[in-house]
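Each of the next two complexes has chain A plus one other chain: chain B in the first, chain C in the second.
Up next, the complex of A and B:
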């Protein structure tokens, strides 16, 4: 039976020392909303876990900051509630607030953190899609040093991430999207406390009525999260309209089939990916889904 | 009778606060899992996780060596591994994933888990069958040796009326359809728990249990101990929901705790994890339903044929009762001259089907009420007209042959349709062209036989005790399961005895203190179970009036004259020498002709206790017999029926298949509303349970294994999903139930799923013949699975 030790380090350095010393046996504990469930279920990937390192008290992992160059950073242990209520984020990344507010239930949003949401490796992580659309980078610390990794790059596949056992996600950085119109749409099996069946984060930069930049990040669609460059390209220089976005949705769904191959779920996911991409783009552009 | 509000009563027919409401909302209520005792230890079980297997070898030696472990038990150690029903306390022949192959008892829950993890079991996998159709194939693996064709023969019922073959031959249209429903979990907030304590001297066993039916639980405990029933006491604890679920699984749990308690000679507590509750509590039976109707051009249904097959799972003690109900309601709330239906259960290597709110009606109505819509559309009639023509009316013969009185369905239906603007909306929604969101509206009507009827004897007993201070205790063998029984019983006792509701207290069930009154199921608690409470109240009312006279409270005529403003000696020729001359109402005794002189109830109890007067009563109630022929199902099936109509409005996302239930209007003829607020609470809850059944709930089974055994993956409606709800409570003059009350607990949920399914069709033009209307089912017409 799995025996666990609980450790509460006083500094980031101390936390990194523990992660180094117990590499492979220590797990950072922030909100615990995924970790505790997985431990109770006896998941194999946690079979070696012996130490829970409580990182909640570490100042570096909290709060929002904006630099003069317009880049924003969020502490990895910031709760979904704090993200969804942040005035700064509501201005610079409103779809991230929307995604954070759609996670689980109020209790889960109060405990669960954005860093955990990314590092847990679930393709259904709600904040992952806006982070991908934002081009967010994750600042990873270890005793060996510091590196920055684009959010999608830490994903290997469902539930698997490219984090070294001694590495800790400390902050998430991205550029302001205040100039963009953004939207996050989520499909679950009920209205609250639902895991995404699929979701889409979309951001459009409009200049003189035309689309100057487009970012589309669908969730639960690709084995490894990412944007959809060929679909985004269709939009550049175009005037937003439902038909254009419909075509763009089809391109995303085709891309899904190309990246995943035809699967048991394709008959459902293909039309719905088309619909949700179109819906997210329409919502971002502020136009009706139906002409 | 119209909507609630025209009847005249004192203590009933009023929305008095719940007896247990304050404790529940302030968190003071204690549940079985909250209890602890000095020297208490814990028990737990090892489940096989296999659907069909034999235990070849089991090694408990390592587990026994672990610290804190007091006992590790296998089937070979237990004198009677099989319960009085087919369920196993412990077994070495596994028939479904929840089957238990070992128990452990230790000082702490953690040590129990460690002991269970240290048990080594070697299995030999055996053939298994999961699907009802496959289980009926010749040569299919046999689930229970007693039933070689997998048909649960005690659960086979037939309905035969008129001449179906002839009627089909003469019908203008013959239409057939098939429908299928899913496994549904009760998902009560409180998982099962029991604490067993053996009295050091007497050896008597007391079990504190989260039991829906304490006497039923006692049967399990006495059975495993081999003890007489008078040596086993079950004390029911506050229940955090049951809905039919805390019966067999809870009985097995309580029995295991009692056995371990005797074995280690310490109090033993056992609680289910949520996953265990999913595995060993019963589920709403999935049904495979085939109906065929013969209809004339004018819309009259002249013939009705049906096959109703339900999945029993690996063990069962409910299908034979449930199928009685399914059989009796197999032709819906319609007047049809020629009926032929067959109903039976099939064993499979799955979790077991059992009682769950509705007891087959949600499944049957899901099919029947869609079928009525489908028939109407096919012959070119509106579904409303179809129901108007065919629904039961006073004087009609039920499919079981009984001639019905007080049939209120037409009135309930018309009111609901008018209030919801149903017909106009239904037409408007037909013209929608949006490819994104479409609205739909659907209806369903239903009837339900009240109480047990011919299913089982519907007798009960109750005891009333008036204390010296005038407070009153009502005691019944029927149980508070969250439905409000204690409150309703206190109101009924107060009404019959003639004291204010506030004077009466109702406490939980102690099996040592009252007779077995049958199970608290079948929505019988108020309609029939409370008949004995009323009878005991009326008896005590008479006893107390006689006491008032014998104790001299009406002997002083001068005082009676004075208080009534009469001249002295004007009542000289009058004397009070019998209680029959008095009335006892609302807590006071008085003479009907001279009502100004009153004697408070507590004056009589206060004197009576010292004079050795009887201050209590006990009554047993047996309803008029319901006699039904087993081969044809013909006869009287119930004292009366409850009628209901539900209209649901939905918005369907045409691009994702998401069904948003916007509005549900639910109207029910409750006969007499004992407590209108509690009735509304029942109906609101029933609507949301019906919504879950209709659009999202589904226990996913893959080769018998439960894919979603916890509430993170078993999706049921949250507060955010609830529709707007409107409830109409109808009353009527039917006097068969207690003070004219009818059943409402199950009617509240049974037709909701059907109304939603019909609304989904109205929105999309797609029939949900396989429940639920989940994303894939609505968009693609089928579920998707990895398999």
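Up next, the complex of A and C:
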């Protein structure tokens, strides 16, 4: 592994100073579960990295909070284990807990953080899909100030995120989805082929038995993360049923082909995307997949 | 070469040691501190042979920067035996013939210990989840699950 210096700042301000001073050469170190693998593999994206800034001691990056207006925030350095076990999140964003508890293994979930998951720039980041469905905003800090990036915009291409080298993700904000029925479904193991890492986060708002709002966020399906307004619209005003969700799955797969273009992987991905969307919607609505 | 001066608690005893700032916890434990019960299987977080407990939570020491455990408490398999008497989990693994080559065993036992410390009476599913980050290539998992259940059951009665 390359020569590295380890720094553990005592305050957020100090962390931002280091990221500023060593911009381009410093990387935040959260759980290390992506970083350590990449450093050992000598990945090019870390060729310039000389300093690891351990952000685990920073209070602002930890814990859960809910404001009076119902907005919830999670510290970026919160582990997947903590997210999956949070009573607050189980009530207000259960599919986020499900996504966090699907990550890797217990050891990986104890170490790995949601901030690291979002900032690593992997299209297969499992928590990204529920964050997209929740309309989450990522609060970024630097010495230059503070800004907010919507979750779907953080990932801009393989290994690339919309994050300046001196910026730190501090908290992730979203509104409660307690009124929604949510589900997260995922296919495949991490080490399997990349194309089998698809997942879907779905949230349905039911009013008097009809779908009043629908949010569908597939992961690893589109070139960049995002919801699927075309397919969501099909559901509005309808009564949940397996056939409707099947049609909706087909609409998502069509949208995938429109956004990605036909590829060698399309014959495989298309039926998988269809089935995963249907499965997520059925799980959210609490109905069986077969009629 | 800049070194990092690391102080932490290892198997209940304080340790002060000079390490390289980019060292993995796995290497510091094995090569500098001689704790070879910590195994390196895959080196990328997939197999769990390098599992240790850090402040009550399991971690893959192949993915942990050693410097980051400053001030923390680390438990390895060497810390389980007390006064020459094996930890109940260690004894149960022997009694159930739950090992062949033994390469995976320390990691399994530590995952099980972390579970039982938090949840003394786990269900079989909770046991399966707790050891899902540990791979065994020769013995299989049934004997291990039964060994863990045995210890949990014994605690329940006692």
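By definition in this document, the second predicted complex is superposed on the first by the 282 of 291 C-alpha atoms of A that agree within 3 Å, B and C clash if a C-alpha of one lies under 4 Å from a C-alpha of the other, contacts with A are read in each partner's own complex, and residues count from 1 in each chain.
Note that a contact is a pair of C-beta atoms (placed from the backbone, for glycine too) under 8 Å apart; a residue touches a chain by one contact, two chains touch by 3 or more.
Please read these numbers as outputs of a predicted model, since none were measured by experiment.
Enquirer: Just checking: does A:37 make contact with chain B only, chain C only, both, or neither of them? Give me first, second, both or neither.
Expert: Both partners, chain B and chain C.
Enquirer: Go through the superposed model and pick first if A:276 touches only chain B, second if only chain C, both, or neither.
Expert: first
Enquirer: Go through the superposed model and pick first if A:107 touches only chain B, second if only chain C, both, or neither.
Expert: second
Enquirer: According to the stated criteria, A:10 is in contact with first (chain B), second (chain C), both, or neither; which is it?
Expert: Once the two structures are laid over each other on A, A:10 reaches no partner at all.
Enquirer: If we overlay the two complexes on their shared chain A, which of chain B and chain C does A:243 touch? Say first, second, both or neither.
Expert: In the superposed model, A:243 contacts neither chain B nor chain C.
Enquirer: Touching A:290 in the superposition: chain B (first), chain C (second), both, neither?
Expert: After superposing on A, A:290 lies in contact with chain B but is clear of chain C.
Enquirer: With both complexes superposed on chain A, which partner does A:52 reach: first (chain B), second (chain C), both or neither?
Expert: Touch status of A:52: second partner only.
Enquirer: Could you list which residues of chain A make contact with chain B in one structure and with chain C in the other?
Expert: 1, 37, 105, 191
Enquirer: Which residues, counting only chain A, touch chain B once they are in their complex?
Expert: Within the complex, chain A contacts chain B at residues 1, 37, 105, 187, 189-194, 197, 264-265, 267-268, 271-272, 274-276, 279, 289-290.
Enquirer: Which positions of chain A touch chain C when the two form their complex?
Expert: 1-6, 8, 29, 31-33, 36-37, 39-40, 52, 54, 56, 81, 104-108, 110-111, 191
Enquirer: Can you list the chain C residues touching chain A in their complex?
Expert: 2, 4, 21-22, 24, 43-46, 48, 51, 57-60, 62-65, 67-68, 70, 111, 129-130, 132-134
Enquirer: Please output the residues of chain B touching chain A within their complex, sorted ascending.
Expert: It comes out as residues 110, 113-114, 117, 434-436, 655-658, 696, 712, 715-721, 774-776, 779-780, 784-787.
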